[in-house]
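First comes the structure, then the notes that go with it.
Residue numbering begins at 1 within each chain, and the chains themselves are lettered A, B, C and D in the order written.
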Amino acid sequence: MSEAHAGPEKTNPPAVGSEALRRDFPILDQIVNRNPLIYLDNAATTQKPRVVIDALRNYYERDNANVHRGVHELSNRSSAAYERGRERAARFIHAKRSSEVIFTRGTTESINLVAQAWGTAHVKQGDTILLTDMEHHSNIVPWQLLAERVGARMAYLPVADDRGLLDLNQLDQKLTSDVRVFAFTHVSNSLGTVNPAREFCRRARARGITTVVDAAQSIGHGPIDVQELDCDFLAFSGHKMCGPTGIGGLYGRHELLEATPPYQGGGDMIATVGFEKSTWNQLPHKFEAGTPNIAGVVGLHAAMDYLDAIGRSNIARYDHELGAHAYEELSRLKGIRLFGPHIGRAGLVSFLLNDVHAHDLVTVADQRGIALRGGHHCNQPLMNKLGVVSTARASFYFYNTHQEIERLIEVLREIQKFFDR
Amino acid sequence: MSEAHAGPEKTNPPAVGSEALRRDFPILDQIVNRNPLIYLDNAATTQKPRVVIDALRNYYERDNANVHRGVHELSNRSSAAYERGRERAARFIHAKRSSEVIFTRGTTESINLVAQAWGTAHVKQGDTILLTDMEHHSNIVPWQLLAERVGARMAYLPVADDRGLLDLNQLDQKLTSDVRVFAFTHVSNSLGTVNPAREFCRRARARGITTVVDAAQSIGHGPIDVQELDCDFLAFSGHKMCGPTGIGGLYGRHELLEATPPYQGGGDMIATVGFEKSTWNQLPHKFEAGTPNIAGVVGLHAAMDYLDAIGRSNIARYDHELGAHAYEELSRLKGIRLFGPHIGRAGLVSFLLNDVHAHDLVTVADQRGIALRGGHHCNQPLMNKLGVVSTARASFYFYNTHQEIERLIEVLREIQKFFDR
Amino acid sequence: MFDDLNDLYQQVILDHSRSPRNFRELEGANCTAQGHNPLCGDNVTLYLIMEGDTIREISFQGSGCAISKASASILTESLKGRSKQEAEALFARVHDMVTTGKGGSEMGKLAVFAGVYKFPARVKCAILPWHAVLSAIEGRSEPVSTES
Amino acid sequence: MFDDLNDLYQQVILDHSRSPRNFRELEGANCTAQGHNPLCGDNVTLYLIMEGDTIREISFQGSGCAISKASASILTESLKGRSKQEAEALFARVHDMVTTGKGGSEMGKLAVFAGVYKFPARVKCAILPWHAVLSAIEGRSEPVSTES
């Protein structure tokens, strides 16, 4: 049986931010609007290294078949590759067993799965669902839909100060006896706040409250250990960690997944189907109905290998370095308004420049080849609290460079002049 | 703005079954178990032509970014490619508007979306959900879950005779006033029956009953026209029509989609989000929460272009030809038991040979390089009715050849001898 | 250097976005409508005093980018005193111009928006207040969105 | 020609699958268990008469492929008269053998299943009746499945 994924890890991986490493990402080498591309929209999605793109091609050119029910060679290869991907993902987040990893389309679907399947069975009328002020719409709306369905109440841990931090003392007050679940983001995609997820989980567990960690912004940016975090559920997206679009995962503690009814119905998630009644397959298959994104898992596997070859601690360190550098340079600009913590921030910066609207700023930057994001970043409730409609955001990854940040600052100065005509 | 998909359609497409056409599919050119691969498991999943694989690579190497909220160039390209894919899909099934196409992971998710979102809002206690005896688990279990939730009743249109046909007269009896929805497969994945979907929809519509067509087995095998079928919903998978894994679609009539509450919650499906309440975005975005499988849509677009270049009527004709050829040759084998209709069948054959178990047969065929499928084909209720646990199945596509069928027959004779030692 | 950009952000647009005309709530308005752009979260509210089919007075408020603010500001100037039919016809021509870049020469002041077509993500900004005003004079009450 | 195949489908296996031994319901069974393979839909039921920790009588019924039938048939022959502990130890060795291909030389008749390891999709077939019998003697009542 041949290996369907990208093969062994590199022995001599290129250094973060180096030219050699940038060459692993074909997309970076291009001219956009007459300027070399500077891609600073990594919190929205990351670029893909050649090993990931090749893994997809190899899969489709050699091993493609449907999984699980096949007896022939290609089906054996695909099934093995798919389950190897699950084992790899379990190892990546240090889950106890690979059956604790459910493959989904991404973070959004993972959270919907928890809210819909686990939530409907376990959250009752009068219960409280606790979120925080800085959640992404994907970690708000599924819970609102659940709350409406079962008659639960929504509560939010407030952002305590202008530095975009959540307050542990307030958390204790909010973790009242009617709180059934506490869902929070590990890293804020608009503020860059890194939340003390382990401490959050510890306090929630002490009160028997189920925890859901939105790891969309942390999964690709540093080591993640679900046993150390001691969370109950953790959701992530492949496309934000060098993997393909359309694949992501949900980690769930074995006992909780066992006590959760199915989500979608269909092939593969059943043990037996009768005209009147059906019985469910075992974990993790119970939660994976229908043909899954097999190539997506193969690509995700290659992405995880790649990130580990580069070194996740290296990535984390460099990320923070870029974030700190950008924050410092930005804070020197006249008329700048910066959001989020001063120190200990993730590799992204959110800001407004004078009274230039974020989309105007982003449009001009784009004409300089710089890809930024402007908008509410799917954080409307937080934006309301901050008293703004939108911000501009530059978000970094390990293929970005300090020179790119210098160039960003240069262009921001031009933008100030441009709108000050 | 560059084109993110595979480019213009070929002017001189290769003929179905030709060597030139087979060269479009890199995977076919390989040795499996010391024999040239003969891939006859197309009902499970189809292989991918080079244009689809290249479309994925091009997307990731040039255009990859997140969709919808971006203002920068890559995001413009991705968003445009994604929405062009939707328009292409709408054209492929002849929908009135592109907003009637929702992208999902595949048929299974599409049917779950209908059963969960539309069904929960519109199917009430005491209502009947009508299916047929020959449904795939993916078109049974979501309805059973719905029935249990709302207190509805399941009913099944029986397979009327040993030829695996559904009876129109019986249909009229089954379409009673308590039937709220009639969900049926266009083509049976285990019998090869081609159901008169248009007539089914006509009779259901006359009684105000909502129709759901499972097009998993028909979408890639001939022209599909939702306006001519006059169905309410239609579900399909990309991986069964030369497209990537992890992408598929749901067609829904505009009025019905408008009257359907959201499915999953998250980014992109909202208009506004508040701490307490949110409002929904317009069609089709209301049903697409979170980052979608963007590359999947780009690949699906290329697949649709490819199929239309080959010609869907050509594919349908050739498919039926291969099916009829195989059926005829198989029926000459001593000890064969064939399932499904004698004539007018789709390009697949389901059978049992003497008392050889399907999996034993498939294992031996695999040692000859022939990929067949054995099992219940996610049709357990039907298998029960037929009085078998499983069957062996050979399913064809336009890259298969008559010689491959001859070879299959040869190997089946060997298998008879092998197990008759 | 910034050629396309100067086309997009013409001086007139910057002026109107900085000092929007008719930027206030309109007392005695008998016709209002909201427009919402879910991509950025921006909102615009149009206030009108209609006399029969004629727009007697018109003003706006809301949050928005330079393009949408200037578009709303110039819209109020262009529509004052016009009939419902004229407004609809003008909308069609503005829509054409900002999506194709053509037809600007006969559009007077509105021609400053001809450069928008090169920026597909920003077309909605220019169109947003027009959607809202049309919805208002056609008597639809739901907020309109640029997604339609 | 069919080298690996002859390893898999040894004559002994074909014989047992055609004429399975102890293929019946067992009257007076005080211990039964079902095994189910969701991949193919096949089922096997094991019937045992236990005297203390000793398997006094054992039989099976069900549907299955040649591998699973032969495995169940040979299992009943191998376990009759054995203790619970011996059965568990034997299961572990069978499991090893069918997943690695090693250790067949000391397995007596069970060695005919050593070739299964080359056919990963079929390992479950050989193991299914063993899962069921273990579940039976360990007193678990739920049907077992090969997916575990």
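Convention: contacts are C-beta pairs under 8 Å (C-beta built on N, C-alpha and C of every residue); 3 or more make two chains touch, one makes a residue touch a chain.
A quick note: this is a predicted structure, and the numbers were derived from the prediction, not measured.
J.: For chain A, which other chain has the most distant CA centre?
T.: Most remote chain from chain A, centroid-wise, comes out as D.
J.: Could you grab the centroid distance between chain B and chain D? Build each centroid from C-alpha atoms only and quote it in angstrom.
T.: So the centre of chain B lies 37 Å away from the centre of chain D.
J.: List the centre-to-centre spacing of chain B and chain C in whole Å, with centres computed as mean CA coordinates.
T.: 45
J.: Give me the residue numbers in chain A that touch at least two other chains, ranges are fine.
T.: 69-71, 75, 270, 272, 359, 363, 374-375, 380
J.: So which bits of chain C are touching at least two other chains?
T.: Where chain C meets two or more other chains at a single residue, that happens at 39, 41, 121-122.
J.: Touching pairs of chains, all of them, please.
T.: Chain-chain contacts present: A-B, A-C, A-D, B-C, B-D.
J.: Show which residues of chain A lie in contact with chain B when the two form their complex.
T.: 26-27, 30, 32-33, 37, 39, 41, 44-45, 47-48, 52-53, 56-57, 60-66, 69-75, 105-109, 111-112, 115-116, 136-138, 140-145, 154, 156, 237, 239, 244-247, 262, 264-270, 272-278, 289-296, 359, 362-363, 365-366, 370-375, 378, 380-381, 384
J.: Provide the residue numbers of chain A that touch chain D in the complex, in ascending order.
T.: It is residues 1, 68-71, 75-76, 79-80, 270-272, 281-282, 285 of chain A that touch chain D.
J.: What residues of chain B sit close enough to touch chain D in their complex?
T.: Chain B reaches chain D through residues 356-360, 363-364, 367, 374-376, 380, 383, 389-390, 418-419, 421.
J.: Under the touch definition given earlier, write down the residues of chain D that touch chain A in their complex.
T.: Within the complex, chain D touches chain A at residues 36, 38-39, 41, 120-122, 145, 147-148.
J.: Would you pull the chain C residues touching chain A in the complex into a rising list?
T.: Per the touch definition, chain C meets chain A at residues 2, 4-5, 8-9, 11, 14, 39-43, 63-67, 119, 121-122, 125.
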